[in-house]
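Paired with chain B in one complex and with chain C in the other, chain A is shared by the two complexes that follow.
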Partner chain A sequence: MAGIEASLFDLSRFDTLSRLDTPIHRLEPRVKVLTTMAFVVAVVSFDKYQVGALLPFLLYPVVLISLGDLPLGYLASKVLAAAPFAFFVGVFNPVFDREILVRLGPVAVTGGWLSFASILLRFVLTVTAALALVATTGMYDLCRALERLGLPRAFTVQLLFLYRYLFVLVEEASRMHRARSLRSFGHRGTGLRVYGQMLGQLLLRTLDRAQRVHAAMLCRGFTGELHLIRSASIGPKDVLFLCGWIGAFALMRIYDLPAWVGRAATGLVP
Partner chain B sequence: MHMADALISPAVGGTMWATTAALAAYSAKELRRSEDDQKVPLMGVLGAFIFAAQMINFTIPATGSSGHLGGGMILAILLGPPAAFLTMASVLAVQALFFADGGLLALGCNVFNLGFFSCFVAYPLVYRRIAGTTQTPGRILAGSMLASILALQLGAFGVVLETTLSGISELPFGTFVLLMQPIHLAIGIVEGLVTAAVVTFVWRARPEVLEAAATGKARSAFPLKGVLAGLLAVTVVTGGALSWFASAHPDGLEWSMFRTAGKEELEAPSRGPHAWLGHFQQRTAILPDYGFPAEEAEHGQAEVAEEEPSAAEPWPAVSAGTTVSGLVGAVLTLALAGLIGLGLRRYRSRS
Partner chain C sequence: MSHHIVEIQDLRYTYPDGTQALRGVSLTILHGESVALVGANGAGKSTLLKHLNGCLVPEAGSVRIGGFPLTPKTLAQVRRSVGMVFQDPDDQLFMPLVREDVAFGPLNLGLPPEEVEQRVRQALETVGAGHLADRPPYRLSAGEKRSVAIASVLSMEPSILVMDEPSSHLDPRARRQLIELLGSFRHTKIIATHDLDLALDLCPRTAVLQQGQIAADGATLDILQDDQLLGACHLERPLRLQGCPICRGQGESASA
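Moving on, here comes the complex of A and B:
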């Protein structure tokens, strides 16, 4: 139960966040999509033992989050909630890769631990960037951007439909779920038989709804595409954002900046 | 079983993106050709249904755990393969974007693993053959059971293959297969039961829904051979090109591609040949790559360097001194990033 309401809350929270008005929100959606993809590819392209060289990439999500007025704690909790798969696959690395790669005084760090740390860091980076993208762009602009970047229209239009009806159907499902919970004591009635009938009912209602929606849309002249009035064009700021970040990613990818900083800093001390 | 960005290499991610994009384009074309464009609103609403349905659980007797609907098979049964594939892709896109379930680069892998196998393989080859046009509860049960199991087994195998080829996880191929396949056998059985229960209910209450779906898509089962051949070509070409580039110019090319192409920077850095051939290497070499990086580092040998150009990079070759400076640098970088964030936020709140 908590699960359903929490997901609904998540969805509406992202929807609300995407309506803020900040420099990041005002950027052209296509630019944000492209920059984020470049970011993900750059992060993922590192060698599996890299940890330090990945750190400068934190700058991108940090800038998006702070300039976009996004709630850091909330995003962090979302990242944690999604972590299990990467964690459980990665946690085997220390088991299988026991060669010692780094010695720090008495502490020996094996390759497995390094690559595990690298996996977790990659996970945090890529997931935060993706969440920040949605939270600063919103589903409608995102779909439009995807369409203008060349994804098939049938895909983007029905993605918009999906998003639009998600709220309605999740609420409906949560009502059904509540009704079942109130009528079932212990585990009675929570088995497959009732479940199948419930989902079947939900499905039939959904189909009816889809039919009504479609008829109503045809009445209003729907021809298979949605027209949005908002027009977005790429301005100088957008170009600067895209080129600046891609240049920065290239720098961070080629040069191990933390290693330089570290050498410079430790060189000063003795 | 959603792949995360953290576990894949750009070569694998890029290849699967290309494959999935080709499949999506094919599906969209197929929809338009069969004048099923009017299905688009229905697809969207059914996608939302899958979400809503996933939020209701049922208890599995005698285990204390609970299961829910995965969705690929039921979408294929209701919509036909092309429409179901697109719908599944959008369900997974929303999961990736709003719930951080699977990543952006990994989306191609996820759509392929969960969408392609259920819509284009298990549904036409198993479900339609068994349940076909003359449906009975028994046939529906058998069909959805076998089809779901097949789809999930293939999907889980896809996850294993993609993870192993990426070379980020150290899980040996065999161990990973032994972990994933049995788990997904159980998941497949549950998925089959649920699908059968829902489809049977719809069949009893409103048989015309299923009939409309079954007749509308009869033709899309046939061009499967063409689709598969095309897919294979796309995969081989992109994968081959990616790993060739990667191995030829581990660093220079990616840099120039970054500058020129921006998004589709498709290099597959140091791990290129490994990514593509990793699986075979591991089978042929008794001592797979796990042991090598460290040995190289210790002996300072460069003989394996063309295979593992990463050995030339700082990490494996570090001594204690560089480790300290590496740590200091890392801490300073973190502090700097935090300060920039705080500064920007302060600046935002003041303006």
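Moving on, here comes the complex of A and C:
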């Protein structure tokens, strides 16, 4: 549970990061959402054996991280935390797909290894871009941007409340856990049965809190619609950012730049 | 807006689990009064407060706010004039940013954005929390949360402030600042509390609840010196009215 508390504290670091003031942070949230979406679509649309053609796409997360002043190590640790999912999606490809596609000198590379590498590379690209988006925009502006882009309000409101009360919930759960472990003297207490009951308790407490929160909302005139203060409009810089990147993604998608550079380089050598 | 009278008549309420929380409470509070509502745990303080803006519907009896009976039709109007500050600020601060939370009420009232903006700024400045506007509420200290919770109610410009245990979880200085803040308000105030020293500071009048009924209602100084009454209601004299451990006895004779 200490682990969960620590990672939660880690999570709130995204809030801290999102309040930085850099050119990336100043961009309109909708623009960042759309650009990131275009990036993800472009990256996942490649053929499954592509590795080289994906490399130029590294430019986008690198630009976000460096201009956005984000701590690389921190983001990398978050990416690693999610890595097992991608790893297990692709880990059996080298076993099943043994057709040799490429020869790097004496080393023969099978299709399986290529597609595995491609899955991992895509994973790193998309997750890093998404994390950079959250870290430079913040959950709150992100939800608002999604709503203005047409995501149904029910979802954005749920997401906001989830984010707001995640901290309260984990605090409540860790208090219960601490109370239990302080009286179980290094043993496992009475084991899983107690955890089941604690989960039930937590649910009941959560329901109670939900009622109190709802009462608090009603007291302030809530009628089912969440009004937000509108601000931020799209400026010329935002348009430039969006169009520039979408253009770049299109180029990188259509032309295999590394292969082209490779051919040009090998062409020089007789 | 001149006569915001709270009139509670023979209010009764039983919780779904059969607990009789209120058994015929009658109380009239005049415009501008500050009333402390004290009593043991489970005496019905919070239940009574929840009736003042329709969070609970009475089983019998009536509540009138500013001359309006509290009915589904008048509910919106009443909630506008009764600002309720909850015991746990985490229940009240549900928006992602302090600014948004304080704006929640005014936005629901349908006010224009500039007016909302101004009210938010003003409410936050009143409670001395202007610098917290862009912070998420869950990262504030208990005292800051309490101030912001009060601001989120002030922004609706209510004429009656209802508070449930406003001084709980506060350190002595935050508590003192809260008392000074509340003392500076001109609103009609109804404060449910166990903090009898706070009652002494803020409320000239005190109503004592005991098992869902009003056991006493009168001047705070009289009630808080009535040891027999206090004992029967699981209370005791505020610390300031108790003998000082250093000059034991002398304090008594001085006040006598």
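To be clear about the criterion, the second predicted complex is superposed on the first by the 258 of 270 C-alpha atoms of A that agree within 3 Å, B and C clash if a C-alpha of one lies under 4 Å from a C-alpha of the other, contacts with A are read in each partner's own complex, and residues count from 1 in each chain.
Criterion: a residue touches a chain if its C-beta (ideal position, glycine included) is under 8 Å from a C-beta of that chain, and two chains touch if they have at least 3 such contacts.
What you are looking at is a predicted structure, and each value in this text was computed from that prediction instead of being measured.
Peer 1: Which partner chains sit in contact with A:213 here, chain B, chain C, both or neither? Use first/second/both/neither.
Peer 2: Both: A:213 reaches chain B and chain C.
Peer 1: Where does A:160 make contact in the superposed view: on chain B (first), on chain C (second), on both, or on neither?
Peer 2: In the superposed model, A:160 contacts both chain B and chain C.
Peer 1: When the two structures are overlaid on chain A, which partner does A:111 contact: first (chain B), second (chain C), both, or neither?
Peer 2: Once the two structures are laid over each other on A, A:111 reaches chain B alone.
Peer 1: After superposition on the shared chain, which partner residues are touched by A:20: those of chain B (first), chain C (second), both, or neither?
Peer 2: neither
Peer 1: State whether A:248 touches chain B only (first), chain C only (second), both chains, or neither.
Peer 2: So A:248 meets neither chain B nor chain C here.
Peer 1: In the superposed model, which partner reaches more residues of chain A, chain B or chain C?
Peer 2: If we count touched residues of chain A for both partners, the winner is B.
Peer 1: Answer with first, second, both or neither: which of chain B and chain C does A:168 touch in the superposed model?
Peer 2: both
Peer 1: Considering only touches as defined above, state whether A:221 meets chain B (first), chain C (second), both or neither.
Peer 2: In the superposition, A:221 touches chain C alone.
Peer 1: Looking at chain A, which of its residues have contacts with both chain B and chain C?
Peer 2: 139, 160-161, 163-165, 168, 209, 213, 217, 222
Peer 1: Taking the touch rule as given, give the residues of chain B at its contact with chain A in the complex, in rising order.
Peer 2: Residues in contact with chain A: 1-10, 13-14, 21, 24-25, 27-29, 31-32, 37-38, 40-49, 51-53, 55-61, 69, 86-87, 89-91, 93-94, 96-101, 103-105, 163, 167-172, 175, 193-194, 196-198, 200-202, 205-206, 209, 251, 254-255, 258-259, 262-263, 265-271, 290-291, 293-295, 297, 310, 313-316, 318, 320, 322-330, 332-334, 337-338, 340-345, 348.
Peer 1: Quick one: in the complex, what on chain C touches chain A?
Peer 2: Interface residues on chain C, with respect to chain A: 50, 53, 55, 76, 79-80, 82-84, 86, 88, 90-92, 94-97, 99-100, 103-105, 107-109, 113, 116-117, 134, 136-139, 152-153, 156.
Peer 1: Any idea which chain A residues touch chain C in the complex?
Peer 2: Chain A reaches chain C through residues 12, 15, 19, 139-140, 143, 160-161, 163-165, 167-168, 209, 212-213, 215-223, 227-230.
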